[in-house]
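First subunit A sits with subunit B, and in the next complex the same chain sits with subunit C.
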Partner chain A sequence: MNRHIKLGFFIFFVPVILWLFLLIVLPQIDLLLMSLKFENDAGKMVWSFANYSSFFTQKVYWLTFARTAIYAIIVTFLTFVVTFPMAFYITKVVNPKYKGFLTILILMPFWVSELVRVYGWMILLRESGVINYFLLKLGITHQPIEMLYNDASMIMGLVYTSMLFMLVPILSSLDGMDDSYIEAAHDLGASKFIIFMKIVIPYAAPGIVSGSIVVFMLTLGDYLTPNLMGGKNSLWFTEQIYNQFIESFNWNQGAAFGFLLLLISSLIIWIGLKISKQNLAKALS
Partner chain B sequence: MNNVLEIKNLKKAFGDFKAVDGVSFNVEDGKFFSILGPSGCGKTTLLRMIAGFLKPTSGNLLINGKDMLGVSPNERPVNLVFQNLALFPMMDVGENVAFGLKRKNIPKNEIKERVSSMLQRVQLSGYERKKISQLSGGQKQRVAIARSLVLEPAILLLDEPLGALDLKLREQMKIELKKLQNEIGTTFIYITHDQSEALVMSDRVAVMNAGQFEQIDTPVNLYANPKTSFVAGFVGETNKFEAKKEDNTSVSTKDNISFKSIFIDKDITDNCHLFVRPEAIALMPKDDIEGMNYFNLKVKTILFDGSNTKILATINDGSREISVSLPQNREFAHIKEGEIVKAAVHKNDCKCYKIQL
Partner chain C sequence: MKRLVTIAVGTAILLSSSLMAGQTLRILTWKGYAPKALVDKFEKQTGIKVELTYSNNEEMIAKLRATRGGGFDLAQPSQDRISSVQAKFKIYQPMDYSKIKTSEFIPSMLAAVKKNTKVKGSSYAVPFAYGTSGLIVNKKLAPYAKDYSDLLNPMYKGKISYRLKRPTLIAMAFAKGDNPFAKYSDAKAYKKLMDGVKADLIKGKPLVKNYWANGDALLSMMRSGEVVVAMGWDGGGWKLHKENPNIDFVAPASGALGWIDTFAIPAKSKNVKAAYKWINFIMKPANAALFTNESGYGTASNGATALLSPEKKANFQRSFSKADIDNIKWYPPVPAKLEKIEGKILDLIKSE
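Up next, the complex of A and B:
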C-alpha cells in the first residue's frame, strides 16, 4: 500500500521536478551567475555588479525600460477597456444561447500563431496594404499613408495580441455574478453608471487583476509585435536584451537585463496589487 | 385608511403566455399583504412589475396615488428583498445597508447614524464591519431587510425571502417579520407559495392562480370561507372528493356515499368537487344532531406528528382514503389501525364547488 503511494508519487512528481529543475531553475542559475560576471580592463572575467549598474548609469537603457513599462501599462489598461464591455455583453446582455458561440468567435483568431496574426495586420496597414488600396480607390487620399511603424499601430497590435488573456478571466468572473446584484443595486436607487462602478467592476476585480497581470507581463516581454509593428524605433526593452545577446554577444549584459526585467516588472505588479487592494492568490485562483 | 398601492386590471404577457391576466387590487397603508400561489402562477411577475423591473402589457399601477408606469426601479418609492437576498459580497454589512442612502447624497454622519439604528432594529447592532460570508442565514435575511427598510420605502416587497432557510429558522423568522412590520408600520407585500407563511403573517392575503386573483381576504376568512375550488384546495389541508349533485342539499361521492352539504357555487348542476377539512370531522359524535352526516371510518394508517397527528381512513368500505385530525387532548390515542370508528361531519363543513379547470 505504502509502496504503491511512493511509486505513484515518483511517477508523477519526478518529471515535474526534472522539468522545473533542468529546464527552468538550472538555466536561470546559470544566467544569474553570468549576469554577475564582468570583463575587466585586463580581459579577465570578475564578479561584479557592473552589468546591473550600467542599466542605471546609461540613460538609454533605463529610458527604454521606462518607455516599455509605461506602454505596457497603457496597453493593459486599453485591453481592459476594450474587453470589459465585450465580456459584460457576452455574460449579461446577450441571450445565453449565443454565449458559447460568441466566446468561440473571439477565441478563433487565437488559434493562429501570433506571428501570422501580426503579419495579417501588416498586410492591412502597410503602405501598399488593403486599407490604403481602398482609401486610394475611394479618393479619400491621393498619397498612400504609412500606418505601420509608429507607436499607435504598435499599441493597437499589442492590445489585439493580449485581448484573449484579459477576456477569459473577466468572462469567468462575470459569469459567476448573479443578475440579482445588478437588479438589487438598481432597486436601491443606483444609476447605471454607479451600478457599473460599485457593483460590476468590484465583483469582477479578481478577474480583472489576474487578466491585467498576465497582459502586463506578456506585453512587457513581447518581442514579436513591437518589433514587427513598431519597427526599429519601437525601442522595446526586449529588443535591448536581444541586441545584447545576438548583436553585441554580451551575454553577461543581456542576462543582467533579463533579471532586471523580471525584478522590476514584479515590483510594478506588486505596487499595482497594493494600490488596487487585491490579493495575488485570490486573483489567480 | 388610504391606499398606498392601487392596481387596476394589470396584465403582462410573454408572447402568447399570459403571466398576469387582469389583476386589480388595493393595498392599504401599513398593512401586511401577501400574494399566495403555486409556482408559475405569475406572482413573481406581478411583484417585478410593482418594483419596476417589468413593464406591464396593459393596466394601471399607482403608488401613493401617483402613476408609476415608465418610472424606473431606482426612482420608485418601493424596495425589493430578493429571493436570494442579493447582498453584495464585496461589501461589509454596513456598506450594504448604506448603499441606498449613499445614492441619495445624504451626509456621511447621518448615513452612519441611520445604518446603526436600522441594524439595531433588526437586532444586528455592531455588525457593521462583518463580512456577508460571516453571517448565518437568518442574519443575512435581516441585513437584506434592513438594507431596504433604511430607505423608508412606501412599500417593501418581499419575494419568498424565507425559502432558503431551514424549517426551524423559517418559523422563527415568520414571527420576527410580523413583529418588525408591526413596529415599523411600513406596508409589506409578501410573495410566497407557503400558505402557512401567508396565513401567519398577513393582514390580507390574495390567492393567485394562473395569472388571476381567486380571492382577496383576511387569513381567517380565506381558511373558513374559500370562494373557489382552487382556494379551498390550496389554502390549508383538506379532503377533496369528486362528487355528483343529488338534490339542492346533498351530493354523492364516487364511493356512493351521500353527504348533506352546501353549494358555494350556485350554478352546480351535475359534477362538482366536495371539500371537507380534516379537523371538521368529529370522532365518536353524539347521535341525532341536526344537519350531521354520520358514517363509519375504517382506520388504515396513523400518522403521528405530535400535536398535528392524523389518521388516514376510508369511509365505510369505500376506496377513497381521507385524512382526519385527532384532537390534541389524546382522547382518541387508543385508536389502532384496522379499527372502525364512528364519525360525523356537519353539512356546513361540506362545501361543494364547481370543477375548475
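Up next, the complex of A and C:
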C-alpha cells in the first residue's frame, strides 16, 4: 500500500517539478547568466555588470521605466475608481437575482482576446472611425478629430483591459460583507462618506490590494495596448526589452532589463503594501 | 495504480507518434510569400504538408538564434542580413547549389546574392523576390511629395506615417545627401550620421500620425485618407493604386531602397530535401509569375517576366523611370555592431 502511494505521488509530482524546473527555473537561470555577460570592444564576451549599470547611466532607459511605472500606477488607480462602484452596485444595491447576470455581462468582453478588443477600440476612435462619423453627422465637429495615438487613449485602453482583474477580487471581498454593518453605522448616525471610508473600504481592502497587484503587474508587463493605442510617444519598458532582443540583437542587455523589471516592480509592490499597511498573504488568500 | 501508469505511458507514445507521422515542411517567411494556390498545388504534387510562419528579418534571426537554427526547415531572410548573422550565430547551413535548378534564376541576381551571403567560402542563399522601399503617396492630397524629406514636411502635418525601423534611418540619411552604405564599415562615422538622422526625426515627430508596424494597417490608413504620405514597399503602393488611382508608389528622388529576399536553410532543418523541392517548385516560371501577379513583388525567376500580367508591367513603368532604376540603392550586407547603434537611435527617437 505504502509503495503504491509513493508511486502515485511520484507520477503526479514529477510533471509539476519538471514543468517548474525545465520551463521556468532553467530558462531564468540562463537569462540571469546571459544578463551578466557583456560584449567588450574586442568582441569577446566577459562577465560584467555593465548591462545593469547601463540602465542607470543611460537616461533613456530609466526614464522609460519611470514613465511606464508611473502610468501603471495611474492605470491601477483609475481601474479601482471605475470598478469599485460597479462591484458595490452588483453586490449591495441590485436585486441578488440579477447578480449572476450582471457579472456575466462584465465577463463577456473578456472572452475575446486582448488584441481583438484593442482593435475594437481602434475602430471606434480612429479618424475615420465610428465616433468621428457620428460627430460629423450630428454637426458637432466639422473636422474629424484624431482620438487615437495619445496617452489618454492608451490609458483608457489599459484600464479597459485590466478592469476584470480588479473587479473580481473586489466582488468576492464585498460579497462576504454583512449588510448589517452598514445599517448599524447608519442607525448610529454615520454619514455616507464615513460609512464608505470606515467600513466598506477597510472590509474590501484585501480584494482591492490583490486586484491592484494584478492590475499593476499586468499593465507594467503589457506590450500590445501601449504599442497599438499609444502610438508614437509610448515607449513602454516591455517594448524596450523586445527591442534589445529583436532589433539590437543584444540579448544580454534585454535579459538584464527583464530582471530589472522583475526586481523594481516587486519593490514598488512592497512599498505599496507597506504604505497601505496591508499584508500580501492576507490579500491573496 | 498499474492501470494509471499504462495510460500515462500509452498517451506519451501516442503523442510522440502523432508528431512523427507525415512529412512536413516548416517555412519561416513573410506574409504573401507563399500564396495559398501554390501551397495547395505543392501539397498535392508532393504529399508534403506546408506549415507557414509569418515574420520579419529581425524576428527571423531571433527565432533561429534561440533554437540555434532549429524549428524551421526553410527561412526567407533578406540577403543583406545573412553573412554577419551567420558568422556570429551559425544558424544556417551552406546552400547546395547542385540541388537547385540555377537556370531558373535571373543570373545577375543569383550572383549578387551568392557574393553577399558568402561566409568562409560557402554561400548561404538563393534569391526569391525583390522590391523597393520608397514613398506611397496620395497624389490628390499631396501632389508635391517626391522624396523622403517630405516625410518631415510640415505641409502634411498629421498625415504622415513611416516605420520606426532601420530602412527609415537609411532613407533619411540618403535624403540628407549622405551615403550611409559607404559608412557601413566605419562604425564611428555611421553613428555620427545616425545622430543627425535622429535629430531630424525627433524634430519631425509632431508631424507624424503614427509609426506603422504592420503593412495592412498602413494600407487601411492610406485608403481612408488619414495618411497621405508614407514610407512603404512598392507592392503595397501598387495594390492601393489598383483600388484608388490617386494613390501610387513613388520612387524617391534620392533613390528607392532595393531589397532582395532569399531562401536560406536553417542549420537544424529536419527536411532539407523538401526545402530544395519547395525552392525548385516556386521558382518555376509559371509559379513565380503567379506569386508576382498576386503579391506585386518582383520575382527572381528568369522565365517569369514574360508571364506577368500587363498591369504589373505598367506599375513598374509608371513608378520607375530609367533614371530611377539606376538610382535604386541596393542594400549591401550589414556588418555586425550596426544593429546596436541603430537600436539605440530608434529607442531614443520613440522615447523623446
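Simple rule for what comes next: the second predicted complex is superposed on the first by the 284 of 285 C-alpha atoms of A that agree within 3 Å, B and C clash if a C-alpha of one lies under 4 Å from a C-alpha of the other, contacts with A are read in each partner's own complex, and residues count from 1 in each chain.
As a convention for this text, contacts are C-beta pairs under 8 Å (C-beta built on N, C-alpha and C of every residue); 3 or more make two chains touch, one makes a residue touch a chain.
Quick caveat: nothing in here was measured; it's all calculated off a predicted structure.
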After lining both complexes up on subunit A, report clash or fit for subunit B versus subunit C.
-> fit
Examine A:G139 and indicate which partner it touches, taking first as subunit B and second as subunit C; both and neither are also allowed.
-> neither
Now for A:G8: first (subunit B), second (subunit C), both, or neither, which partner does it touch?
-> second
State whether A:P96 touches subunit B only (first), subunit C only (second), both chains, or neither.
-> neither
Using the superposition described at the top, determine whether subunit B or subunit C touches more residues of subunit A.
-> C
Can A:N250 be said to touch subunit B (first), subunit C (second), both, or neither?
-> second
Touching partner for A:N227 - first (subunit B), second (subunit C), both, neither = second
Kindly classify A:A190 by the partners it touches after superposition: subunit B alone (first), subunit C alone (second), both, or neither?
-> first
Once the structures are superposed on A, label A:E127 by its partner contacts, choosing first (subunit B), second (subunit C), both or neither.
-> second
How far apart, in Å, are the nearest Cα atoms of subunit B and subunit C after the overlay?
-> 45
Seen from subunit B, its contact residues with subunit A in the complex are 51-53, 72-75, 79-80, 82-84, 86, 88-90, 99-100, 103-104, 147-148, 151
Subunit C contact footprint on subunit A (complex, rising order) = 4, 7-8, 11, 60, 63-64, 126-128, 146, 148-149, 227, 231-235, 239-240, 243-251
Complex contact set, residues of subunit C against subunit A = 1, 4-5, 8, 58-59, 61-62, 65, 158, 165-166, 205, 208-211, 213, 224-226, 339-340, 342-344, 346-348, 350-352
In the complex, the residues of subunit A that touch subunit B are 178, 180-181, 183-191, 194, 198-199, 202-203, 205
